[in-house]
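For clarity, chains are labelled A, B, C, D, E and F in written order, and residue numbers in each chain start from 1.
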Amino acid sequence: MRNYPYPLLNPPSFRWNAPKDVQEPKVHEWIQTLDVKEGETVDWSHFDVAILGVPLSRSSISASAASENPDAIRRAWKYFTTYNMEEDVDLTALKVVDLGDVRQHVTDIPACHRHIQEAMVAMRTHHPHTLPLVIGGDHSITAMLVKGWKEAHPDERIGILQLDTHFDLRSLEDNGPSNGTPIRNLIESGTIRGEDVYNIGLHGFFNAKSLKVYADEVGVHYVTLKEARKKGVAQVVQDALQQLSQKVDTIYLTVDMDVLDISVGPGAPAATPGGMRTDELFEAVLLAGACPKVKAMDLVCLDPYRDVEQATVKAGVHVMLSFLTGLVKRKNA
Amino acid sequence: MRNYPYPLLNPPSFRWNAPKDVQEPKVHEWIQTLDVKEGETVDWSHFDVAILGVPLSRSSISASAASENPDAIRRAWKYFTTYNMEEDVDLTALKVVDLGDVRQHVTDIPACHRHIQEAMVAMRTHHPHTLPLVIGGDHSITAMLVKGWKEAHPDERIGILQLDTHFDLRSLEDNGPSNGTPIRNLIESGTIRGEDVYNIGLHGFFNAKSLKVYADEVGVHYVTLKEARKKGVAQVVQDALQQLSQKVDTIYLTVDMDVLDISVGPGAPAATPGGMRTDELFEAVLLAGACPKVKAMDLVCLDPYRDVEQATVKAGVHVMLSFLTGLVKRKNA
Amino acid sequence: MRNYPYPLLNPPSFRWNAPKDVQEPKVHEWIQTLDVKEGETVDWSHFDVAILGVPLSRSSISASAASENPDAIRRAWKYFTTYNMEEDVDLTALKVVDLGDVRQHVTDIPACHRHIQEAMVAMRTHHPHTLPLVIGGDHSITAMLVKGWKEAHPDERIGILQLDTHFDLRSLEDNGPSNGTPIRNLIESGTIRGEDVYNIGLHGFFNAKSLKVYADEVGVHYVTLKEARKKGVAQVVQDALQQLSQKVDTIYLTVDMDVLDISVGPGAPAATPGGMRTDELFEAVLLAGACPKVKAMDLVCLDPYRDVEQATVKAGVHVMLSFLTGLVKRKNA
Amino acid sequence: MRNYPYPLLNPPSFRWNAPKDVQEPKVHEWIQTLDVKEGETVDWSHFDVAILGVPLSRSSISASAASENPDAIRRAWKYFTTYNMEEDVDLTALKVVDLGDVRQHVTDIPACHRHIQEAMVAMRTHHPHTLPLVIGGDHSITAMLVKGWKEAHPDERIGILQLDTHFDLRSLEDNGPSNGTPIRNLIESGTIRGEDVYNIGLHGFFNAKSLKVYADEVGVHYVTLKEARKKGVAQVVQDALQQLSQKVDTIYLTVDMDVLDISVGPGAPAATPGGMRTDELFEAVLLAGACPKVKAMDLVCLDPYRDVEQATVKAGVHVMLSFLTGLVKRKNA
Amino acid sequence: MRNYPYPLLNPPSFRWNAPKDVQEPKVHEWIQTLDVKEGETVDWSHFDVAILGVPLSRSSISASAASENPDAIRRAWKYFTTYNMEEDVDLTALKVVDLGDVRQHVTDIPACHRHIQEAMVAMRTHHPHTLPLVIGGDHSITAMLVKGWKEAHPDERIGILQLDTHFDLRSLEDNGPSNGTPIRNLIESGTIRGEDVYNIGLHGFFNAKSLKVYADEVGVHYVTLKEARKKGVAQVVQDALQQLSQKVDTIYLTVDMDVLDISVGPGAPAATPGGMRTDELFEAVLLAGACPKVKAMDLVCLDPYRDVEQATVKAGVHVMLSFLTGLVKRKNA
Amino acid sequence: MRNYPYPLLNPPSFRWNAPKDVQEPKVHEWIQTLDVKEGETVDWSHFDVAILGVPLSRSSISASAASENPDAIRRAWKYFTTYNMEEDVDLTALKVVDLGDVRQHVTDIPACHRHIQEAMVAMRTHHPHTLPLVIGGDHSITAMLVKGWKEAHPDERIGILQLDTHFDLRSLEDNGPSNGTPIRNLIESGTIRGEDVYNIGLHGFFNAKSLKVYADEVGVHYVTLKEARKKGVAQVVQDALQQLSQKVDTIYLTVDMDVLDISVGPGAPAATPGGMRTDELFEAVLLAGACPKVKAMDLVCLDPYRDVEQATVKAGVHVMLSFLTGLVKRKNA
């Protein structure tokens, strides 16, 4: 294996090699990977954004191949140009590096979780000015990533903007830090305060009443999809970002792809009828990208083995690129 | 086979046996099945709602495995909690029993139809206070179910709220009581009056002009999807419920899943582009559930063999649970 | 092979033969095919519309079986009646003939393109009063069809209403007249002026910035989907039709099915999340059909091998029938 | 609808119209359809074989779209030439006419069954020298077809060569003449004798022991697949044909496509692992085709909606053509 | 949750309830489940065979939903009768109980593995005369099950008959007791001797050379598929059983479904072209079932989410029933 | 784009980058790619085999995405180790380089064909000792590749071993050098003699009789699958290799994946029931690999978009690796 700057990371499993299309620069030609020789060091100052894959889905309550998502997302980059037509924004204004994937263990899930936390600490230590954009994996990883951030920045108050069908507030007692628990994990561990969580997109019959009671007790803010649509999802997201910006140092955006309606997100194992449309989601993450306090994001619970005509994987790439569009707007603002 | 209180019914083909999830009560743990020993009798007074499967789709004009739908719906219950997040309604306020399926014959469709009618008569006789919630099967069953209701309650004036892509007003002359004919069957048999039918959701190129002429002649009310969206589907449904409530004793809600757009209802054999969205349908049946005059419902024409990632079956469960959410609201009102 | 009036055409590969359904006349019973005996001539004066299949997709940049689309569309006609419920329009007011398919060559793409152009010239020569409705094939065919129109009507100023995710303004230098180039091909060949192109539906990250710069240079009009939805897609289409009607003699409507969201157009190889809804597209083409200056249309880039439950093929038929609905309205206006 | 010589038949729903490929004559160009004008009569003396579609699968125990099979088979003809490479036999030595489909009723299965029987009687009456090749439909049709033969030829002793996973000896008492009953139906009605049935291909766990007991009682001959492979399936088929030829006047070949292994017959709803290979089946029917006493065949229980990459439909066409190859060999012998 | 005799087991998630088909007894009507009331005890002496589900696949190297297999197998029982046609064996000669599933933990894989081992110990303690038939899950469970057997019977010498594409001899050092390691785990832990392992079915390019070297070092016996076919797979299996019977007390049969060719086992994530046919596998396990020393079996690595038309799940049921057929033969011998 | 030694080639579109698995070396870790810096030259003496992708399928008669096959094959390498278990052969004895893909043009098929021929000439010129292993693409490329060989080695007599369902002897007159014509193209151009073509695998109804007549006229040798199985496919291949070795200088092996049965090769667009098994094909190419006169091979007509669970792509990799296994045996012999 090649020399690689991070002990806990593997480089991306493949590198794009295609001749550049001068007429149409594509996302896979623009995002860089590292090719570090023995004894060389990386000049991180170039990079605005660091992409990190987290191929873990053994910690998912139901069977999931979300572990295959980081590579599925990378393979789909070639279908996208770097130019956002609707916003007239060219993403090449940003320098983005793909760090590869956090190393995982087959049978030791706690070790997987430790590696994820340590990877975030390492990123915050080695190149704190790059924004981490994490491609999961299942939702359990969010707890580890935010704990890593907190470990690196113990004095920061961290808020969460969560776009999700679920609260993710299940108790850790029965089944440990699974993908049903990350927000509760963060609250109970004192990493974040309940009042600093804003969940937008809850709908249907996919949360127990007890979780809603718990959410109320710890002060989690939430807006169901039906409510959100009365004002417009974009407006509700904007309000949440403003409220969070006033009280926290860092907003962490977490996008559970199961927030999407099953017709547009068939590859999210828990997606259901009655969920969010892609245009609503793309606008929401664009707004988050444009908000100065948003300093990290993740995208989780996308199982490419279940996808239909790559619709969900393409939606995942679009989410990532919409967020980066917001980031360019933030820089230009 | 176990002793079973109804001569024409089979018990559900399987019973859920899973350990209850205390944190997250699921629909399949909440809906009860009967386990009646020889000589025992059932105390029906417990039950607010009785679910009845009607696994008949031989009477469908085009090939359909809608006969597999009752079991597909039952198997999908486990993906849903009993708590409606958007309405803050807990369905456990209702007692619901799954009666199983009406017995069908392989080659004698008239016998199948008789059994269905008799099952409705039996339900209305043995436990008239329970609301029948019927899972088809193809749309031909609606004629039999409403005739059964009329047989049990000959003095009642019955209205129909129909959510459908089609009129279902074809003549019975050519092909008998198929799934293209139930509303005409009910009108021509004198079971209902044309003016007491409200059809919402007609669209596209899926009805002959002659059927529209017939609908006008017999006074059927209808609002196409395009028209309905001008006011909002919910408002149009509300208006229909109010008009029906003023003139009939009982409103029977029939939901043909082919009213859904093909992208959200791929498992409805006749679903087409340009149909209803799931959020529109869920809201419509919730309003019907909340309306005191609505005393029975059915859900038909869902073929789980054609489904994609279970999207349509899950939509079917959601329709059923949205209706029950309305019922809780009705009780609480 | 039977005698056929056009040297460059094959008759449709099959003819419908089903007994007519008197109750429900279907589209495949209404559209006529020719059965010309040796020495007979066709009386073209009967026909308002001529359907032409163009089974060419070798000229597509990415692999596509859009060549199979004309027959897929024909086979799906039987799922549609001739009656538009929402508009109360009966299409049998029009006489429509299916001319069959332009003959294609397996390895000589320039010959294929010549045949397509010549077929349009022949149609304009032999029966200039019939409106050509062309079923592709990939988008490269649009350049040939419009050139054919121009060859037949050299003095006409032709405008283009394009519903598309892409500009289709790539340079022809690298890869010839592929499906990424038709609009540039028409502009650079002097067939049309840039200012007479109106593109509605561009969205996401699917066009290079350089193409937008080129579009601006040559004066192409475009409205992204996000912008269009602010006014309503229908209004934006209406505005474009009005502006075009004031300056051109003929408006040619070209519908690239990849303008649709991938959830409703999975069979369009380049469809993506964030695209147009079918109700928006159907309304857009209906408006175009009703506009007196619109004298031809094509529908391209639909690959039935990739379709899911025939959703995209059915959407394609619906587009064609919505356009014809507009044509009836135009006649009746 | 066109004038058609048979009162109970519809013409094939479509006719092939493609230009003939001189280099490669295809099956769909070779099989003829009738185009009879008012007052004309058909000269049946031309035809060696008459293809008859029987689109009935409502009588199937489990949900089946085998009703769609006749048209699926017809559409797949174009993938096949008329030349059997392995036997050096050109099928154009035979004249084959596609008569179309027996008319079916949507809700009256007994009427469907009567029509099927009457269609066979009509064929035997109008053109007794043509060999009927019937494309089902489910297996219930075999009983009707053989009864029709018997009605037309009351003095003939009829034997059955059945290639099937099942006995099809279920009692008619419970569910009438379904697809589980045809052989019992024929035996109990006195149409055939048990000893004149030869079933080859039974395997696995798909028959009740009681049916085996019944088979033994009535003298049905059967060879399981495991046994048959010891001698070779071809040899066992040859033996059965010889034994039957010595005692009956007519051998009727019935091929239930579920005899195939599920990997090669995924579109046969009851296909299972452990079934026959296609090369075994093709050889078996070729031998039957070559046997002078075989005077009719059917092919049943193929549901094209469940097929994978058309493998089963193509296998169905291959079965039909292998049989016809045998027929040419018989003529040439 | 109901009272259940085993602390580490959940009852089967559902119980079949269908009316018994007197003509055709089916597997799901024959296999019993327990319904134990508080204070009651189970009379285990009735049961010849106990089925145990092990829904664990988090320990799989590649993403797998083999955890869903026990329920998938149970649901498919209804497609099978209890009568083996080819062997003339009726399985109802055996009493079989479905114990349900070993409880699993979401994030603690070592705990899952402990539960599995303890479940085997409990079975050997409470009802040592019943033969355990285990439905996995991934192949890591075999190590735990055999260790449990050894813990209950410390003096027994245990042999393994393994039908597999892989050695499963990977080192545990890197990734713990994953599904690539069970045989090495058993050898290195001293549970079995290398020389007591007989692996039949290895083929292609799916094992590292180093594993072959290790196998030779520890004396594992193996026959590749190509070699096995020279003598016949059945003969090679018979030879292995005889050799094992002479030296061990107990033979444990483990069937990794990826031994099957991908065309007949598409639902085995590691199935490949060039694997075993189903008829070879069914015969192999039948022979094992008939061998007196074979006292337990498992069936692993079947992911029903990847299956095509249920071919692999049905093959899994067939494997289980073929083994039981052998068991009846053993009893009758 | 990087500097690349061949003017007509693109490097592989991606390079594998994964950490090497020390326990299990995989094919993608073993096959090398070039990373040539400006001014550097490649030392070709290292390489025994050069892999060349030819992503052309526009020249296919029926719609095909075989152009996507080279990359699909590359992505699937990771599922295979370098060790052939059945032959005890380790492929790492060979040095293999992946040269990347021949550059293609979107609309100029003759230019594509020229590039392919020139690429072969370049390979024969720059490193004549490396064996070309070509991954197509459709079968039209074989004519160009063999012509390139002939151009580089004008004095050599070249023979063809063709494993195919078809003759590929169609006339070039109608449709040019399509995938139905390569062998005729080579014969008519004088590149090879008819008598030096050995075609094994022809079966069913997939060749016109006229092609058989032509084959006989020009002396093509062929053995149908049925005939071949009488001796064994391996023996027939061995005989062909021996005969060819006695008369030609170079044997070119061409494998059309449609020779496979559709159940094992669903991704070959023209695969049909009744074709070759994978074990037969793998053995055949292994024998060819071991034959000293075989100096090049190609693998064509595999469309990964149509594949089912990657069965055909995996079979394609297996074909390639089986051939290389033969090559190692040849070296060791």
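We adopt the following convention: a residue touches a chain if its C-beta (ideal position, glycine included) is under 8 Å from a C-beta of that chain, and two chains touch if they have at least 3 such contacts.
Everything quoted here is computed from the prediction, not taken from an experiment.
Novice: More C-beta pairs touching across which pair, A-B or A-E?
Specialist: Result: the pair with more contacts is A-B.
Novice: Could you pull out the chain whose C-alpha mean position is farthest off from that of chain C?
Specialist: So the chain farthest away from chain C turns out to be E.
Novice: Between chain B and chain D, two touching copies, which fits better, same or different residues at the interface, with half of the numbers shared as the threshold?
Specialist: same
Novice: Need the CA-centroid distance for the pair chain C / chain F, whole Å please.
Specialist: Here the centre of chain F sits 40 Å away from the centre of chain C.
Novice: Taking each chain's centre as the mean position of its Cα atoms, how many Å separate chain B from chain F?
Specialist: Centre separation, chain B to chain F: 58 Å.
Novice: Would you give the residues of chain F that are in contact with at least 2 other chains, written as numbers and ranges?
Specialist: Touching at least two other chains: 263, 306, 308.
Novice: Name the touching chain pairs, please: which are they?
Specialist: After working through each pair, the chains in contact turn out to be A-B, A-C, A-E, A-F, B-C, B-D, B-E, C-D, C-F, D-E, D-F, E-F.
Novice: What part of chain F is in contact with chain D in the complex they form?
Specialist: For chain F paired with chain D, touching residues are 170-171, 174, 202-212, 224-227, 261-263, 266, 272-274, 306, 308.
Novice: Where on chain C is chain F touching in the complex?
Specialist: 57-61, 63-65, 67-68, 105-110, 140, 175-178, 305-306
Novice: Could you list, by residue number, the parts of chain F that touch chain A in their complex?
Specialist: Chain F residues touching chain A: 1-2, 10-20, 33.
Novice: Per the contact definition, I'd like the list of chain D residues that touch chain F in the complex.
Specialist: 23-25, 27, 79-86, 88, 90, 263-264, 278-279, 282, 308-309, 311, 314-315, 318, 321
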